[in-house]
Structure formats: structure tokens, C-alpha cells
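In the two complexes that follow, subunit A is the common piece, with subunit B as its partner first and subunit C second.
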Partner chain A sequence: MLRLPAFRLRQPTSLAEACRILSGEGPAARVVAGGTDLWPNLKRRNQKASTVISLARVPELAGVRAGGEVRLGAMETLADLERAPALVTRYPALARAIGSISSPVLRNLGTLGGNVCLDTRCTYYDQNEEWRRSIHYCMKAEGRICWVAPSSPRCWAVQSADSAPMLVALDARVRLASSAGEREIPVAALYRDDGIDYLAKRPDEIVAEVALPAESDAAHLRTAFFKLRRRGSIDFGVLSVAVALRTEGGRVTDARVVLGSIASFPSPAGEVARALIGAPLTTESIRAAAQRSRAAATPMDNTDFDPRWRGQVTPVYVERTLRAAAGLDAADGA
Partner chain B sequence: MPDPGIPPAGTAAPGEAAERDFAVVGTPFRRVDGRAKVTGSTRFADDLSWPRMAFVKLARSTVPHARIRGIDLTRAERVPGVLGFLTGADLPSTFGILPVSQDEHALARDLVRHVGDPIAAVAATSEDAAHEAALAIEVDYELLPTIGSVEEAIATPEPRLHGYADRGNLHKVVSMEFGDVEAGFAEADRVFEDLFFYDGNTHLPLEQHATVALPEDEGRVTVWSSTQTPHYLHRALTRVLGLPASHIRVVATPNGGGFGGKSDPFGHEIVCAAMALKLGRPARIALTREEVFYCHRGRHPVLMRLRTGVRADGTLTGQSLETTLDGGAYGSYGVASTYYTGALQTVTYRLPRYRFEAIRAFTNKPACGPKRGHGTPQPRFGWEVQLDKIAVELGLDPAALRLRNLEQPGTVTANWLRLGTVGLGSCIEAVVAGSRFRERWGRMPEGRGLGLACGSYLCGAGLPIYWNHMPQSGVAIHLDRGGGVAVFCGQTEIGQGSDSVLAAVVAEVLGVGLADIRLQVADTAFTPVDLGSYSSRVTLMVGHAAREAAERARETIARAVAAQLEVPAERLVFAERRVFDAADPGRGLAWEEAVIAAEARFGTLATTGSYIPPRSPGKYRGAGVGPSPTYSYSAAVVEVEVDRETGVWRPVQVWIAHDIGRAINPALVVGQVEGSVYMGLGEAMMEESAFRRLPKARSHALVHKFPSVLEYKSLTFEEMPPVTTYLIEEPDPAGPFGAKEVGQGPLLPIPPACANAIFDAVGVRIDQVPIHPHMVLKALEAKAKGRPPRHGPERFPEVEAELKLATGRKSKDGTMTERDEALRAGSVAVLTTKLEGKRGE
Partner chain C sequence: MEPETAVRTLTVNGEARTVAFPVHHTLLEVLREELGLTGTKHGCELGECGTCTVLMDGRAVLSCLVLAAEVEGREIRTVEGLQRGNELHPLQRSFADLGAAQCGYCTPGILMAASALLAANPSPTRAEVRAALAGNLCRCTGYQKILEAVEGGAALARGEDWQPAPESLHGSPLPVPEER
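Our next item is the complex of A and B:
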């Protein structure tokens, strides 16, 4: 079997200690939460770590605090969050997005912080050492070329974290902690459109918490989430659609439509949102708006399924997700 | 030992259930290895361990085709814990499963032919150290041109992957004709021609291959391995290690799934034994999932051109089938696979004339071989989809078209296969009734559809892999004084339930409980040879051998009991652990007393039984592939739902009927049917061996696209629809207690039934599998634009005429009528002699 390479394991018992160790060790250290992303990457050797800092014993990172805002500890497991009353009742589409991640067994281990920081994926990259040798590696790890687009100067690996597009659509914020202090930024600002340098977080920062907008805002939201994948469980998405709409007097006043698993970051379908604002939520207006999502989707040949088809069906699934958010259909089909 | 905890299987109650007088056979019972499997106490190869055991890893090729200029072990030698190395120079002999394809080296000697080809082996005191050292082995390659497809193999005769190919890089070229097919087409009202493609896929057993070897005194060695064919592995080890066969003992550990993927002897098994002998230590190798993808031997990608002549009333007048197989880098079972893409085309519907041409190409990819259905699901897909098209075009009901052309029991087909019982008609009727096919087909709402398809499979290959006149299966039974029954047989449990079948047959004959029986299996030193768990041969062949051995034991005991009780031996009944007088059931001996009486009278009690299949009437070159003691039949109806906007489709329900002859254990039979449906749906929906080819100037890679269980897609429970299974029990005299196979046949109807159902749902033909959503969407777009509503292959490679070897015979007297008459007159021998004389014309 594939085995983990040797590393030094640190198990701090406070966030301050974790931050201190991380800044002391520098970029050769890795932080692990549930390990469902890091361990396979270490086994395949597409990530390396001399030291691994486990957050399992850091108490400040646990818990769901539902006041005005809902604040989610980064170490909350995905299994707990998909069932957390604060999410199920107030942010059902986020609960559904989290419940669509991987499989029940891995959701028992995987955490929200881990999912937010999920390494970008690519069928040229998520391979073991020997396989990657046979293609002379790729730009994301040890190589020079992005095999998805060999003449491209950048890496096109895909951000497949299912929580991310929904968090962006909900205008959620993320609290980052480091030995230099803390800061809170919009989740949208956490991601960068680059397969390698995909997080705007500094290497010495730890994702500590995710904050969802206050309840008064959430109550007026119409949300929906859809994830396209080969199988009903375990698979990473090849397209996800996160929708959050505000309406007043039957017309859309604010719209956020974010596509996931189709680019190196959760990509806002701005044209779709702009087409919806000011319009009533009807079959016709939704169809017309959804057609504009085609441009936001630039699928590449580095995931499951035919890339051309993924682009082609994007408007269909955007339309269906919008209809679900608008209450025009019973289910949103996630 | 009927287990009240297991409910009766959901089977169609056969009419004869009431008249059955078996104690074990036919009653669902808990499999004899079931408790160990579910509690984790089964010891698979990777669970075996000895003190001082060395861990072995292989360094594998990272290039698809190259000459090895040098191997540098310097860096690897410095890794702490390293014990030793092997390279190709240490194991110079070739091996391979077929005598005609001895083309593999345990470690590459000179050439590597695909990414993943083993080059060197390292042993170390830990698996981590062995892996580090394997990564540190440096290989200097001289790159060679690569072949990625059949078309490239045709266009690239040189350099050759193997010198022994029929021509260039075409490993095998086959051409045969039975009767005048062109005359058959002339008689037809319509000749249908279609191209089909069935992509390659792999077995995906849960257990990754593993081998453990223990060196013993006198230079002997015992090898435990997850293999389906310990006997053939024994032969390969003998050949490569250069030891007397008697000095090598091979034990097949219970396989955590095989499906054909552990039927070849593998380099890692040989390396493990050689390393143990070299180091004088026990050695273990356990493959990673990626390495299992490199061992492969999975389904061949097959392109097909199928032409069939049909009269307006649906009667078939003749068929021509051409296939091309992408074989990968080695021969493996490929010669047999090639013939199998044509051999069983004739056993379901009466085809009076038949022509078959095939090529198998060498390509720089892991070798293809036998996967569940071995070579037959591909042409079966084409044939059953084409039948659906014929039915639609001629305005016939697809079930009626099949029933009209049904082959008859006991007949000899155009290609000289002798059939046993044919339960196909009953299978069709069962699924048609269960799914209400006649009421619903063609009448469902847009987006919903039903598809019908059938299939047939061998109940054991008629010939062994190497030519010999010995039994293909043997069983020995030893009775001990405590009433225990020890059963020895070379058969291999791969999860299919063969241990349970073996025990059940013996228990049935001797009238004892399953708990009285202990099995010693799959051990070349201690059990009689059984050729292995392939070709769906075990229930039939092991069943016959076990029955013979048990009947001989019963006869011996009956003589002793008859003498002691003064009752005629033929009046004795063996049941419920007693031997008693049928006329006076109170008069008898307990089983243990009966065994003691027999041992006292005759000495130590041991018997044997064995089985050799009947000879096949076919005598032409290639006739060795296809014959079987009898054939199983299956029919299935699949209901699908198709999303017209995206092309995404899913099976909603499956109805499947299987002609099992007689179910030895209905619970196991239903399990095998459902497992076949599962695998068939996977092949229809998503499973494929896809490869990446990168620009030669930049990397020269030709790599498996996703050698991982996550990205190689197969069904999860989420995709598995409800399955209704009907067992058709029409006991076949050729099988033990009338039993036929079930391990492979039920897979065959599933992919074509899916394609046919998609047509019924949305009116488009997808002439290839897997059927990805983008194919359905493309076909729907074509339909909307008024173009042919089809997605599938567009061209078939034309191979130069002189490539086609006249290995068959072409004569006008090959019609079915003449063949039937000849058989009735008992003139088979004369006819076959004549045929033999015509060889090579």
C-alpha cells in the first residue's frame, strides 16, 4: 500500500501555540485538521512536510456559535455541520453543500477549515510519485508545464471545495489567525484564480472560523445549491452552482450566483446576477439569465467528464438551481 | 445446514420445487466462509507474516516503450534497511499464461513496453525502506516509438513489441467462415450493418494482489498468493525459477475478488519467490492500487463491424462479424480473447451461416486479458443492440424477434459448438412478464424507456490452457473415525462461493451436515489439481469431481453398512447424518458408526473423483475456444430515465432471468446475478480504461489517465437500482445435479439492454459503451437537427487482405441442416476428419 512518509507531528493545545509553531517552522510545515486531503497528498508525495501540526487538540477551533451571526469553528466536522440546527434551519443550502462533500465516512473526519483550504485538484496532479515521473511532473509540483494547457504560464488545477461557492454566495467571512495577530476577510477574498497559489492566506495563517451574516439578512435570502458529479457520493464535483437571492416586492434586489469546481477559484457568474437584478423570478427571466453563465464556465480537461459537455450543461444546471431558489421547483437536485 | 437467518432468495419458484428430494442442494444456506469474511478473520495473502520477513517493492517503468540502457542501483543501495535486489538478468526465462504467448519477463530484461512494466525489485526490512529504495533506482532509457491504438499498430509494423506476432504489431489475425455468408445475405430481405465500440475496463477487485514466499529446507519454497489459478502459477514458477515442480508449493489464499484479474501468473509473484530464495528469508509483496491497474488483464477495447441478413419475418440468414482488439503490451490470454469475440455469437439465436474475422494489436499499454465474460460482452453488446434495431426497422416486438430465432437444445451451431439445455426462451418470458415489457415498451413517456437484451456464457472452457489428457478437476475425500469428512481440491475461492459449492455437493451425497466437512483447497502440494477459477468452470467441473469422489465413498460405506445390518446396499439411504434402510428407516447406523464400520472392514477410507469435459465436434483451427459442456443463458430488461437537457441517464430498475440449470445454493446464485448486474451497469455507464498521451517532444508519456479507485469510476450503492432476479431451473444433464454457471453470464445482457432502453426513452442510438452523458446529448442534438440520431464509431480500419489468414474453412456444405443431419446419423467423426483434412485451404 501507499504509506505516509516520515514527518514530525506537533499537537498544540491552543491556537496561539499552533500559530507559534507554524511561524517557527516556516513553509516546510503543514497544518492538518481531518487529514482527508493532506494524508493522500503526502502519500502520493505531491505535497511534502517535515513537520505536521495537528489542530485536533485546539479547543478554540471547535463549536458553532449562533448569535446574530453564525460563527463556525474551523475544526467542526462536516458531518456535524451538515446536521447543525443553526445551518439546517437558517442556511439550508450551505448544510446541503457540506452534506454533498465526499462520503459519510470522510465527512466524519473532514472539517470545515480543511474543506475551505482544500488543495486544488487536477488529473495530472492527483497521482502518485511514479505516475508523475512518467509525465515529467507538472507545474503544480516539481514540473514546469501545465499539461492541461501546455502553452499556458499558469496552473489550471480546479478548486473543488463544495462549501466555498456557497460561502461566497452567502457573503461569509473567514477569520485568519497567526502569531502576528488576527484578521477577518470575505471568503471571496480568500481565493485566487491560480491553481498553485490558490489561497490569499499567508503561509503562517490558520483558518480559525467562518462567520455567516446576521440572521436578519439570512431570513430574506432565497438559496439553493447544486453539485454535478458522476456518482451520488464520494466524487468531487465537476460543476457546482451556489445561489443566494434577495427579493423585494417580487423583484430581485440582490443576486449572487457562484460556480464551483469549474475553475481554480469559486467563480462568480456576475452576468447572471446582473441579468436577474430588477427582474421578477419567472421561468423566462431565469432562463434568460442562466444562458449568460456559459461565459463564466471555462471547463478544462482535468476532471471527470467531457469538458465541452461540462460547459454546455452549465446553463441548464444554473437555471435549475435558480428555479429551486425561486421556489419554482420542489427540489434542487443536489 | 439451512440457515433460518437467511430468507429464501427472491427467485421465481420453479415448478419442480415440490418434487425436490435434496437436503442441501437447492436450499439457500450461509456460505461456509461467510462468517470469517464478515468478521475479518479470513487470512488474505497480505495478512500472512513471518519473523524476519523481507518487504519487496518493484521499480516500474516510467516510459511507455524503451530499450533499457542501464540500471543504476547505487543510490538505492544506500537506503538503510535494504537487503537485496533483483533485475531482469536474475530471471532470464520468459513466461505467460498461454503456451503460445510466453512473452513476459518477471523483470524487464531489455525492453519495457508500457508505463508500469516491472524493471527491478528491492527487498528491505520495512515497506517504507523498500519504497524509498525503489524510488531511488535509476534507469537509463533509450526511447522507442509508441503505439496507443489498434489503428496505430496497423500503421506501425516496426519496431515490433514482440517478434512472434502474426504480422508487424498485430499479435493475432483470425479469419474463419462457416457456410457461405454472402449467399445468406443474398437470401435476406435486409442486411443490417453497424459499427460498435466497447471500451476497455478493469476488474477493480477490493483486494490488491499480494504474494508471500517462504524458503524451506532442501532449496524448496512455498508461495501463498492471491491468484485465481494456483496450478498455472505453479507451472510458471517452475519454468522461471528453474526448480523441480515438486520443490515448489503454491497456495492460493482466498481472493478478495478476482473477476479474471488474478488469472495470469504475474511477475511480482515470481519475484517474491525468487527474492525469498535469494535472501533465505520469508518475503512479501503487496501491490498498490496503481500497480493493480498496471497488472490489468482487463476487458479489451473492441471495435466491431457487424452485418446480419434478415428476412422480412425476422428469420436470420447469416452474419459477418469483424472485431479489432486493443491488446496492450503482452499476449496474456489474448489469443483466446480474440477468438472469444466471435465464438459465442452463435449460441443464442439460430445463425445458419457465420463469418468471423479479428485482429488483436499490441499497444504500449498494460496488457488486456480476461474479465468477467472474457471477450464475449463486446460482441454481445453489438449483436443485442443490432437485434433491437432490426426489430424496430421490421416492426417486430424485440422479444418476439428473439424467440422466433431461438437456438434449440442439443443442437450444434454453425461454428460447431454443441449446446446443452437452452433456457433462454423461459428467461425472456420471465423478464418480459416481470417488467410488463409488451405493455410498456414503446409506450412510455418521453425520457423513460425499457430495453431488452440477452446473453449466454460457457460453463467451463472445454479445453485446458495447455494441451494434456488429464482431468481438469480432481477431488479427494478422506473420512476420519470421528465422522469428519476432509475434502481436498485444487479449486480457488475468489469470493464466488466455490468453497460452499464443493462442501454442499459432498454433504448432499453423503447425507452429512456442512459442519462435518473441512476443506483443504487450492494447494498444489496437498490437493488434486483443479485448473482454476476462470471460464465459469468451477461449479460444473469441481461439482462433478466432488460428486464422483463422494459417491465412491458412499458406495464403500454402503457395502460395510449393508453387511453389518444385512440390508441390500442399494436400499440404503444417506441422510440427516445417518445411513438407514429405506424400507425400514428405524434400521440404520449413525454416520460416525457407519464410517467406523467401513474403516474396520476396508481400512483407511479415502476416495477420489475427477472430471474431463466431453470432446467438442469442432475440429478447425480455433475450434478450441468456445466449446463447453453446456451454456448458461440470461435475459434482462432495464428501465432507464434520461434527462433530455443534459444527456444524464440512470437505470431505474433491472429485471433479469438466468438459466442456472439447477441452483446448488440459490442465495449464492442470486448474489452472483446481482454482482454481474452491478458490473454490467458499471461498464454501460462509466467504467473505462482511459489513457493520456502527451506530446512526444515534451514528455512522450502514454499513461493510464486515472489509476485510482476514486477517479476510475464504478458504481456506488447510490447508482445501483433495484434488481429483480428470476432463476430458471431446467436441470441440464451436463451439470452436477443439473447445475450451470452463474458467475459471468448475467453480465452480458446488461450493457445492450441499457443502450436499447435509452433508445426507447429518447429515440437515439448510442452504439458504444460506456454511454457518457455527452454522447446522449450529442445524439439528441443530431436528432433535433435532422441528422442520424446516433453516437458511435464512424469507421472500421481496413486491414490489407493478405493479412487475413484462411484459418477457417469456406464451403457451401456448412449449413445447419447438413450439420444436424450429419450429427443425427452419428457421422460427426467422419465430418470432422474431413474438416481436418481441409485445414489450411
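Our next item is the complex of A and C:
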């Protein structure tokens, strides 16, 4: 049986109290939202926690506020958000990305804030204690070596949060709260290209809210999301593609193409975006631009499927996602 | 670390039960170990298999990923609380009549996930049933009878007369050999 390790539980009833407890406890404390990522990681002893601070009773983190921009409380469940009218009508590709996370029974617990902070994943890390001990662990937890790239000085674990690439493509912002105050940064600036130190937020900061700009909604952008995985019913992705295109007079004036589940952070495929800008959304221009995604994707042997194959199919799925955003094909997959 | 003990009043199957348990124990552990409700099964314990599914305020959730100390004030329903008095829940009837279980280990979780679906959507399509059960793994049946049984349970719950199709129970008749 996989029991959780013993910890002290704190259940604050306001954001200020949660921040105060977190700064007082220091980095040995962990914050829990839905628990769908932290509990498995604690059960497998991937992570440690002397104190767990639950955000379940913090009222400031609940709710969807839709005005010009749409602000999503970090404790909103994935199940509520995939059906939230403000997302379904104005940010449909984000609703789709959120709906592609794991399974319905998990989305009833998992939260947006938790997904945004999802721990990076790797074949050599997402294993139980005994399995990892048998290989003397890896550098992400307790070991010294990266088994994916043994001569590498860094960890290559993959960022698989499905909301992340879409939030980056939509130019979303995240509000971070701490006892020292609050700040709002682009979601793109929340992630670092490192499998271990993968979030740019400080350990005493809590993800409080995600803000979607009015200029990124369906009235302004053509968007699409695609997720490649072994089983459509539940699995983590091995590649996701988030696309947001602005067009004027039939030509692309701005483009964001962000790849997920392929590196330690949601990776912008800048070459693809540059190739699209100024071009009409035709079969030919989309195919030519999608070909340039091959360079942005260098999958490692750290998740499901052959890494070479994942690299080879990246342009195929970038092309399909661009075609869906352009309205040339119906969106499918995910 | 000396485990911290929590004392909470949990509402399980309509009954308020005050229980003491280690604060780091999951709802699954407290249901089975403190409350003796072993109908909810222990599977992967990582949120991947769905056999520990229970209802929390009417929503199907994975009890292996919920801390028992957090559910005070929430309405928990397990497979033991599915029937009403001596009447089986329509899904329990359809699963039993059709034989939609083999080893049966996934059945409690599937009944709970399916009951949440029917409460929200009394006439789900096959695609909606499949989507609602996407997080519930079955390694025996191949899912065919489970999907049929959920549709049968939905029909019974709507007050319709439902019988398992003979070919679902006995298989299709063998082809008659041609006369030589």
C-alpha cells in the first residue's frame, strides 16, 4: 500500500493567512490545491513535506470573474473550467486544453493553479521509491545523475501541464501572492528551462489567479489546441500544440505557436510564428510554416513513445493544429 | 515524525460519523480502515485507475487523492450507500442482470462514476458514457457489457422496461451450417 508520509496539515481560511504560514514554514512546506499531483508525488516519495498547507478553504482563490478580461481563481477545478461559459465561448481552445487533462474523475479534483504548477515528469522520476532506489535515484530527487542524458549537468524532465502552452499562446498572466505582497507576471515568465527548478516563482509565492486578456478572446484570435498521447481517455501528453493567430484582411498579423510536453517548459516555436506572419492562411503557407517546428522540438527519451518519432510527427501535428485554427479542418484529437 | 491525529465528523452515506485518524490519511484509507466501508477499492492509489471512485457532493472523485481531514461538511457517498432501503440502484440491477463484471474489482468505482453521470444526464449517449468512465480502468470485461449496463441502468432509472439483450448474455447464435 502506498501511504502518504506523515506531515502536519494547516488549513488556512484566507489568502493572507496561507501566505503567512508558507513564509513562516519555509521551503520544507508544500502547498496543496486539488492534490492530484502532490499526493502521488508524496506517496512515491518523489517529494517531501514536513507541513502541507491546504488552499481548499481560501475563498479568495475561487471563482471566475468575466469582464473585459477573464480572471480565473487558482482553486477553480478543471471540471468547472472546461465547462465555464466564459471559457467555452471566449477561449474555446483553453477549455479544450483543460478538458484534455487526465480523466473526468481527476478533473473533478484537480485545479487550474495546480496544473500551472504541475511537477515536471520523466520515466526515471515518476516511479515508486523501490524502483528509483534500484537505479540509485536521479538528479531530480536524491540522485546525482540524469539517466536520460548521463553526461548532462541539468535535468531534462518534461513540463506536461496541458493548460500551460495554451495560456502562453493566449498571452495570459498569473497573479502570485506572498506575505511580501502580490505581483502579476506573464505565464510565459513563470516557467524555466530546467527540469528541477522549473518554476520562476519564489517558494513563498502562491499562484492566486490566472488572467486572460480581452484581446486574446475568440473575437480577436483564431485558436486551436491539440494533444498527442497513447490513450485518449487519460494519458499525459507526449506533444501538445497550442496555436493563437491574429488575422487582418486574410493575412496573419501575429502568431503564437507553443509546444507542450516536449521540453522542461512550454516552448514557443518562434520560427513557425515568423513564417506565418504576413502570409495568408492557406494549405501551402501552413505546411511550409509547420515544417519549421522540427527544429523547435528535440524530444528526449524521457516519456512515452520513441523520441525520434515524436520529433518526426511534430510538424504533422503543428500543421493539423494550424489548419484547425485557420478553419480549414474541424478540430479533432486532444 | 509523530503522526498528527485528526478528529472529524464525516457525512458518509447520509450518516454523520465522528472519527479519529492520522491527518495524512486519505479518504480511501479512512473509509476502509476506520469506517469499515471496504466496498471502495484500493487500486493504483495514484489517480490512474478509478477503482476508489466515490461521490463528494454528488461529484465522482478519486478517494485515494482526497485527504479525509478535508471533507468535513461534504456529502460522501460510497457504493454501500447506492441502494435505497432494500431496493438496488438501477445501475446495480443492470450490472447484476447483465453480468457486467468479471473479477468485480473495478465495479464499485464504475457504479459511482456512472451514478454521477445519470444524476446529471438521465439519457446519456454511448459516447457520453464512455467519456464519463474514461478514468475507470477495467482489465477483464473489455468494457462492452459495462457500457451496455450503464445504458440499461439509465433506462431502468427512467422507468423503462429493460432486459439484457439475449446476445449480450449468451453471445450470438452460431451460423447454421449450409446443407451439403
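Side notes on the structure shown:
Here is the rule we use: the second predicted complex is superposed on the first by the 329 of 334 C-alpha atoms of A that agree within 3 Å, B and C clash if a C-alpha of one lies under 4 Å from a C-alpha of the other, contacts with A are read in each partner's own complex, and residues count from 1 in each chain.
Please note the rule applied: a residue touches a chain if its C-beta (ideal position, glycine included) is under 8 Å from a C-beta of that chain, and two chains touch if they have at least 3 such contacts.
Everything numeric here is computed off the predicted structure, so don't read it as measured data.
Of the two partner chains, both subunit B and subunit C are touched by A:R3. Look at A:I135: by the touch rule set out above, it reaches subunit B but stays clear of subunit C. Residue contacts after overlaying the shared chain place A:P150 against subunit B, while subunit C stays out of touching range. In the superposition on chain A, A:F305 contacts subunit B only, with no contact to subunit C. Of the two partner chains, subunit B and subunit C are each touched by A:I234.
Of the two partner chains placed by the overlay, only subunit C lies in contact with A:P104; subunit B stays clear of it. In the superposed model, A:Q11 lies in contact with subunit C only, and not with subunit B. In the superposition on chain A, contact of A:A189 is made with neither subunit B nor subunit C. Counting contacts by the rule stated earlier, residues 1-3, 5-6, 233-234 of subunit A appear in both its interface with subunit B and its interface with subunit C. By the touch rule above, subunit B contacts subunit A in their complex via residues 60, 62-63, 115, 127-128, 131, 135, 208, 286, 288-290, 645-647, 686, 692, 694-695, 698-699, 701, 703-708, 710-711, 713, 715-719, 772-774, 777.
Of all the residues in subunit C, the ones that touch subunit A in their complex are 1-4, 6, 22-26, 29, 42, 45-48, 50, 53, 56, 59-62, 64-67, 69-70, 113, 131-132, 134-136. Of all residues in subunit A, those touching subunit C in their complex are 1-9, 11, 32, 34-36, 39-40, 43-44, 50, 52, 54, 56, 79, 102-106, 108-109, 233-234.
For subunit A in complex with subunit B, the touching residues are 1-3, 5-6, 123-124, 126-131, 133-136, 145, 147, 150, 230-235, 304-306, 308-309, 312-313, 316-317.
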